[in-house]
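Take a look at these structures.
Look at the two complexes coming up: chain A is in both, with chain B in one and chain C in the other.
For the complex of A and B:
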């Protein structure tokens, strides 16, 4: 296993990139510590697959370096990097048995029979496939095949990093829970460096100790799940993480006081630091509640999400969503809303006013 | 408008794909088929559409027997999980294609496609080819094509499954609006309980080719009639365990015991099954006075999402899941003390049928 450093990486698929938009990766500096569980999270087209391909060596970056510990591997071919990868769709040899599939990466590298056998059985036990080792992979369901793919990713012990590229997308929700917690459990036991690439916030947040959030070729924030939830540095992070995402409400600031419509709203950061630009209040639906006196609003729609309800309100001509727990009554019309001050923040041009830089809690 | 399935079944060789099913679907609100992969959702939809012939039973549309009528002669649209569009057609021509088949005039086609593109925010893309669109736009094109003609029956087979999480959230909110003022029967298949809940309407839970329950979505979620329906409609999966009633006490192995609930009080001593959704088992301490009981177990893994904590832990031979707001971290192997809210418990008989839930709030 190794510490992985991405040093001033930039990449463009064009020959002579000029404009900012020509860069698929604008500039990325990240250090992933040895043995950590990381996620790379962002929407389609944010550059996460480009970054993954650069780390695995399938793509040579236009600029910058990749270091494994202190060794520069930028010019290394994929097979010289000792990386295990698990893809979105199962990569399984149908004609081989489950055992042979799991053994394949080891046999390929001339690992001796006894060691191979031991590893295959350990991994099979982990993915609950011990009883099916002699079956042909062909007869397995999509879930079963993806388990074999995971197993093959985990079977080598000499890898620098294991990378997962949307590994659970084709898996049913019930099994997703099972496989995801298995991966997490495995990580807590063996402490391998793992990088998990996904657009699914739940997978990223529950798997990783630290999440790298990307948008439009840039890293927007690196932090623990709690950082990203409680202190989004950018409205994109606030919106992208959480379901529904953070309410982002255009506002005005006068003399250090923040106003939503005509009403003053107390915020946690120092509004006086806002030097113009487009100003917005960010507050998560979890931190809005009904109050005796507060911002006047009316309820537009209540959606039942089972363990809570998502209440859509109109407040100061804007949509404000709130999460209301099971059993809490929703007042009829003419409601008042209170924003929890500690979790209400002012953003200027998307960035939290007085916030840290992108890599706030990077290392 | 109604679509009625009477004892519809499908067997292939010795395999039963759909057990005899009775179901009456109506216009207005979504009819959701909720179940895992291979539970029979797609087969059931194909039978409804006439894409597949049932091996038994009859299908009625507005009282008229349409069993065996070919899909071409029925007024049906279907949207699949994979974004299916004509790659060589522009977005405009993709959306227009069913109208061209129906030999509609150019002016009317232009009007309808324009309106549909507006609704699905595709207007700026009308001249592009599908390959130049994002996944969300491709699926919106497929949806627009399905909606542009006034179908009597619209079948949506996991239409959002291949989309990014955030896009899914967005389209899920838009979809019911698209159908709000249409007179058609909408059937929507999904594997995700949360999606069924947010779409509302009515839900049929499916398990191994059988509809186990059908009713208003919230009712099916809160009052599952048996342990299978409860499992299908629960994410994370519902926690279950065998409990034993002895006189006026019930015991969950050696893990916990509590006063026999009213619903079981007149039942004979013996084994029953308890069901508790993960958000009703939390680290929030409590005792008998507030209807809680302590359930301790060895922690397998804790997942922190920032706003919620999920703890997987051992209860006897079962793995249970606790889901709570806030940050509650437990180490692997640690014995966690968690508390079950018994007022939310479901009690099932040996056959899996719900005996009766404790009174449920709201």
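For the complex of A and C:
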């Protein structure tokens, strides 16, 4: 068990990275608290797996350090770091039985027979595999194999962190939910640090206490699911999380007042300090409503999404999406929109104006 | 529903039947035909029953060449399979050297068999060949045309040179199909190099290795060209393998009956041993 600190990590797959784009990880500083449930969320190719492989020791970072508690483990091999990892495609040792698979990490470390047997049976109970211990691992279904991969991590008592690299990719949809809640339950029982990599926001938000959102090799925000939804620090977070994502509308600022088209818009943050190339207003569709007087707009499209409808409007020559509850009437023509001030924010070059950037560590 | 009987349907099978008859059944039946008849020339034949079969099975000559054949086949299998796997394990899995290695490995397989035999014959000549001359210069008394041990050494070395590549390529194909995650998981599980080989690489190579062993078994059991060009079965009869002996009987002595009986026995041995190999190696597959 340990607190994991990533200190100024940078990684490139090239020999001599020059341009910004050559870095798979631009610079990452995160502290993962002992026993936390974290998700690492981001689109494909954003550097999630690279970061994970650096923590597990499968990859050596180009620059920076990794600390487990206060020990520098940057140069350590995976087996010296006492970590466990569950991969996207289930890894089981085909020729072994379920029991032998679970015992394998212990046998490799020379743990005695009695202890091994005890641990294997405990873990088999954890992952509901007790009745299948003598079966060949090869014959299991994908979710069974994934449980075995997880079990091989749990069986060791010295594990600092268990990492999951999109572990539900090959699992049938109806089993995904079950396995996910199983993981959550498991975390509460064993209180091990878990890092869950995914590009699926539902998986991330349901599993994790803290979500680390990554984009193009950097961490853009670390926060609770509520933080990410209500206070996105970056337009990418606003857009990536939520369905549909946040409206991001180019705007102008004059004398501390934000203008969308020709109309002033009240924002929650202090617009006075706004500087930078591109200024944008960010507002989630949930916080846009029809009003008596506001920004003039017209309705383009209404699509039904079950409990609510997604209304697409044009306002100041831009597309503004809003969520309207079932039963609320949608005005036919010449509508006016109002933005909820507390949830309207000004962003400069993608980052929230006056925000505290990435929010430090993942405390 | 009543099925209508239409015998004309047989016509559709006829072309295939004719083709198979000409390329397999008729030649094979000719051999069977010879194997149960006796002739004194003049194209007259007499029924002789299983005479030739009992004669071949009891002849010391056949026993000797069968034993030589077994020694040859199992020696080359014992060398080529482990060596091929070992070479495949050391080959790079990624990078610019992959095609270079593959081409180098494939080269011996592209050389015609009689050329391989001729090459090695000259290569091993004690007076002018690099191998023969070199060994003698180093103080070994090496002469593959006169000494039985040297003849066998050269014969097996030639086959290893010629055919290990096949095992390497097949084993390599099995190795590169293993996803990286297996190696990563093994590292995390603390597995050493031997455990990785035993529990990941070997099981994943099993199918291709089965094919490799079967191919090498069948091919080496039927080896003729290279061996006959290299040693001609000599010195004496010391390297006369089954196929060489068969040709001597059939074409050298023109003993059609015994040669035909021997062909059939030869064929049945290969068939039976292939079946045994396959069954043994696939025994655990079903479960």
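The rule we apply is simple: the second predicted complex is superposed on the first by the 340 of 363 C-alpha atoms of A that agree within 3 Å, B and C clash if a C-alpha of one lies under 4 Å from a C-alpha of the other, contacts with A are read in each partner's own complex, and residues count from 1 in each chain.
Keep in mind that, in the parts below, a residue touches a chain if its C-beta (ideal position, glycine included) is under 8 Å from a C-beta of that chain, and two chains touch if they have at least 3 such contacts.
It should be emphasised that the depicted structure is a prediction, and the values quoted were computed from it without experimental measurement.
> Should chain B and chain C be called a clash or a fit once both complexes are overlaid on chain A?
They fit side by side.
> Using the superposition on chain A described above, determine whether A:200 touches chain B (first), chain C (second), both, or neither.
first
> Once chain A of both complexes is superposed, is A:303 in touch with chain B (first), chain C (second), both, or neither?
The first partner, chain B, only.
> Taking the superposition on A as described, I'd like to know which of chain B and chain C A:91 touches: first, second, both or neither.
second
> Would you sort A:327 into first (chain B), second (chain C), both or neither based on which partner it touches?
Touch partner of A:327: chain B, not chain C.
> Between the C-alpha centres of chain B and chain C, what angle is found at the C-alpha centre of chain A, to the nearest 10 degrees?
One gets 70 degrees for this angle.
> Should A:78 be classified as contacting the first partner (chain B), the second (chain C), both, or neither?
Touch status of A:78: second partner only.
> What's your read, chain B or chain C touching more residues of chain A?
Counting contacted residues of chain A, the larger count belongs to B.
> Chain B and chain C, closest CA-CA distance after overlay, in Å?
15
> Check chain A for residues that touch chain B in one structure and chain C in the other, and list them.
none
> Can you list the residues on chain C that touch chain A in the complex?
By the definition above, chain C touches chain A via 179, 181-182, 184-185, 187-192, 195, 199-200, 203-204, 287.
> Touching chain A in the complex: which residues of chain B?
These residues of chain B touch chain A: 36-38, 134-135, 164-167, 169, 191-194, 197-198, 200, 217-218, 221, 235-237, 277, 279, 300-301, 303-307, 310, 312, 321, 323, 325, 327, 332, 361-362.
> Using the touch rule from the top, collect the residues of chain A that touch chain B in their complex.
43-45, 141-143, 172-174, 177, 180-181, 184-185, 188-189, 199-202, 205-207, 224-230, 239-245, 284, 286, 303-307, 310, 325-327
> Flag every residue of chain A that touches chain C in the complex, lowest number first.
53, 56, 58, 77-79, 83-85, 87-89, 91, 93-96, 104-105, 108-109, 136, 139, 149, 152-153
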